[in-house]
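Have a look at these structures, which come just after this line.
One chain, chain A, links the two complexes that follow: it is found with chain B in the first and with chain C in the second.
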Partner chain A sequence: MTLKTLNLNAFKPVWLLGLIPPVLFLLWWDHEAAKGGANALAFVSLAQVGQALIDMFSSGELALSYGSSLGRALSGLLIGGGIGTLVGIAMGLSKPVEWAASPIYNSFRQVPILGWLPLIGLWFGSGDLSKLIIVALSAFYPTVLYTFEGLKQVEARLLDVGRVYRLNGWQTFWRIQWPAALPSIFTGLFQALAFTWISTIGVELLFSSGAGLGAMMQQAQLQARLDIVLVCILFVGLTGFAINFLIKRLSQHVLSWRSVRA
Partner chain B sequence: MKPDLKLILSVSSPLLLLIVWQAVTAFKLFPPEVLVSPTAVVAAFGEVIATGELQRHLSESLTRLAGGFTTGASLGLLFGLALALSKTVEQVFGPTFQALRQIPVLAFIPMLILLLGIDEVFKIVIIAKAAFFPVALAAYDSVKGVPKSYFEVSSLYRAPWWVLISKILIPATIPNILAGVRLSLTRSWLVLVAAELIVADSGLGQMMEMGRQMFRLDIVMVGVIVAGVIGFGLDRLFQLLQAHALRWKTA
Partner chain C sequence: MDYVPHSQIPGHKVKQTGAVSLKGIKKQFNFKDRELKVLSEFSLDVQPGEFVSIVGPSGCGKSTLLRLIAGLDDTYDGTITLDGQRVAGTSLERGLVFQDHRLFPWMTLEDNIALALTNRQISKDAKAKLVADHIALVGLKGFEKAFPHQLSGGMAQRAAIARSLVNEPKVLLLDEPFGALDALTRVHLQGELQRIWLAQGSTMIMITHDVEEALYLGDRVVVMQANPGRITHTVDVNLPHPRDRASPVLHRLKDEILAELTNVPEAPNSVVRLIKGDDQ
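This part shows the complex of A and B:
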């Protein structure tokens, strides 16, 4: 998604305008919280949120949950992305595999990812294994698709060059098809990274036993601890931001040579 | 010869999967709580239709989707347009918009439950939020992407603002905006199923979650299949609308 970065001119403090909505919102929020009564149940004061942040930080709870969510997302990316790349390669290189696998792939893909959770939960329980399977699945879909598309779109003239050099099947793949498909494969992996973070939070919300930011939020919700919920949202959001930033940077880096190609 | 092989393979592979599935259950390799046969799933499908359970859950889910999606997508469209067309709106709301966009919608579920309860309002709001961002982003990006020269031509001809909108802005941006709307429809369905699984008081998600808790694997599978078919159907339907709306492009 190409989005023009907002022009924040450092010399004119226009960026201060951008602070108006959040500051107004926070003031309104604190005002509601201060009213007390029924409002106090729904709105927690900012001081309370800050206190929750400090408590969770110093007790090590936050680090534990955060680490476990991040670990789940990354291992899901590794497993789902790895298998997905292999399946995508098989489908991209062999027509019979493509014909046999794509109807199954396309029909499984239609099910909303978290919709698998009740089924996977029946099979593998509501522990870490089920969560990992769903997260890996969310990484699997985009990597298969982009690996496959990448290999399909290798230009015919590049393959002709291979034929001229009498490369065998493996050499053609390794020296020509794989490098040509690499930008697309990376795009798939980047998408998978974003998806695994979202699905990690989703599965942890649904199967809220065990560690994780989603689980922490869900348990806090049951105890009506909005302060903890807000701290978790903050960290989920910051991570989402970091992932998007990383993807943007990495794609500039990894995909930059693509535009040079005539 | 080749196209024949394609047809044979693409029909036979799902069929083979079904046959293996049926065979595995016929030989009772797994207990029925772990794997039920395809015929049992079909029977469960018949059962939930006969009792009217499926129709009830599905109509609840789809009504909810319609409400949340329409609200979210139209607000998103208006917001995205405002953000792109007005420098002031962009400066004031742009950073907040960009920051909120980073947070996965699902992460808002616990907060919204605390603030709004688990009633209809909560579900509509969470779906609307899921639908809002892709449309807003697509509208913002595509209006920003309209070449300056288009505006110059329009001011050269002294075209009034409604002509600018109807003859220039809409044709130039509609393909991207529709793509954003399509994405937001898919997201809305995903978030709806997730919200119904979490809150589990009505709808397709509740049917699946109850099935899970009662170890009714057949009902869970019916739910998975229906969720997939509806998701696919919605996307296809929208694709057709999209093609219809954009038919002038190829003409």
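This part shows the complex of A and C:
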């Protein structure tokens, strides 16, 4: 009996509160759309958006665009994040590499990602390769930074333990430095994920040829199809939300050895 | 090798290895504009299987001394030998217990101890057995899969002792191993350490700021003074192990050491600190 009451008390669906603002917003939106007249240009009814969603879904258009954006983001993350982690490791473990790479890294980092667009566009055109380079670059910067910082901050007192037990360079890296740097590396991965998704949509909007949610939005805007734009925005937002959720769960799992008490 | 301090204990393994010899150790740290003399003409001979306690005020170079013996720092003058061999770099023959346990928070207790065996050329089964035996030795059976954050301070320090013993080092160096623990846990672990030492028979050199602890465990107590760090006194404790804390001999020796410390005219501050450290 008491157990049941406890369980009920423990179940407090606070996340339901998070649904209140969007629901209120949608009600207001639909209200504005129903007014018609000049408003009809700026607001489309929810029913219309729903119809667009169904049309785009059944024609396969949505799957194609969404798949191509997601693929771009993931390959950009793998390439940029992979190279970034390797560069960060090299800079974190070797002083000469750090000295050689730091100035150029720190000055290039000052250029906003989309600031590279004109140059990349001139060199590689506005196709998939250029888009991939931009997306990879956006994953590259945070991964380098956080991998490097994480390795730099490994305490000498932990490295001393490795020396006492005569670990070689590889063992020291794999058993001590890498796990000690992992919380920082995850922070970098978090940022990289957010940046890749944003830059994927951004670069698709700007190089609007080819498939992708961004390109689809761009074309819908030219045709004044606000309903399609809204469907795209919805998918961009939900995907970003899902990505953040997944990476949070993953890092909680991998870093479970950390605790409030530690 | 005629110094056999605890030969009275039946079954005690007196090892014939583990003789540590320090001769004329000088150590200084160099800064940009000045140098800090930390150890000066430090000489000490430790017999195989002996337990030597070192007490001294903070900053007198005790940790520095242990780092030199452990091989974590090679920049000094003088010679350090283990069984006649000059010490160079770290070695599995010389174990070290730090004041903080320094377990890796991302490894289970078991894995932390097994890490010490990474470069031992023995079979997997032999490693597993050594780890299990040493977990049992320090009384942590059942906590193999626990992470350090799930252990109390005393348990973590036991695990650190197990890690340092799993290679069966000839000499175990302990740097204020119980300094961060509460008084009760400390007394308990002192007893445990004595039991382990009697069972293992390896040479032990322990640093402490607790004169009572030094006397309770040590065959010999070495008293240091600071600026530069040097030996000012050596006290032989000719009592069999395991010892009785209430022994009048220990109390007399404690009073003696404290009295001698308070009489050192050139470093009154450090003496006050030492006495404070003793009952904190």
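The rule we apply is simple: the second predicted complex is superposed on the first by the 220 of 262 C-alpha atoms of A that agree within 3 Å, B and C clash if a C-alpha of one lies under 4 Å from a C-alpha of the other, contacts with A are read in each partner's own complex, and residues count from 1 in each chain.
Quick note on the criterion: a residue touches a chain if its C-beta (ideal position, glycine included) is under 8 Å from a C-beta of that chain, and two chains touch if they have at least 3 such contacts.
This structure is a prediction, so every number in the text was calculated from the model and none was measured.
In the superposition on chain A, A:158 contacts chain C only, with no contact to chain B.
Contact with chain C, but none with chain B, is seen for A:179 once the two complexes are overlaid on the shared chain. In the superposed model, A:99 makes contact with chain B only, not with chain C. In the superposition on chain A, A:21 makes contact with chain B only, while chain C stays out of contact range.
Against chain C, in their complex, chain A makes its touches with residues 157-158, 160-161, 163-168, 171, 175-176, 179-180, 182, 257-259, 261-262. By the touch criterion stated above, chain C contacts chain A in their complex at residues 70, 72, 90-92, 95-96, 98, 100, 102, 104-107, 115-116, 118-119, 147-150, 167. For chain B in complex with chain A, the touching residues are 2, 5-6, 9-14, 17, 33-34, 88, 90-96, 98-100, 102-104, 106-111, 113-115, 137, 140-141, 144, 189-190, 193-194, 197-198, 205, 208-209, 211-212, 215, 217, 220-221, 223-225, 227-229, 231-232.
Interface residues of chain A, counted against chain B in their complex, comprise 1-4, 6, 14-15, 17-22, 42, 95-96, 99-104, 107-108, 110-119, 121-123, 197-198, 201-202, 205-206, 214, 217-218, 220-221, 224, 226, 229-230, 232-233, 236-238, 240-241, 244.
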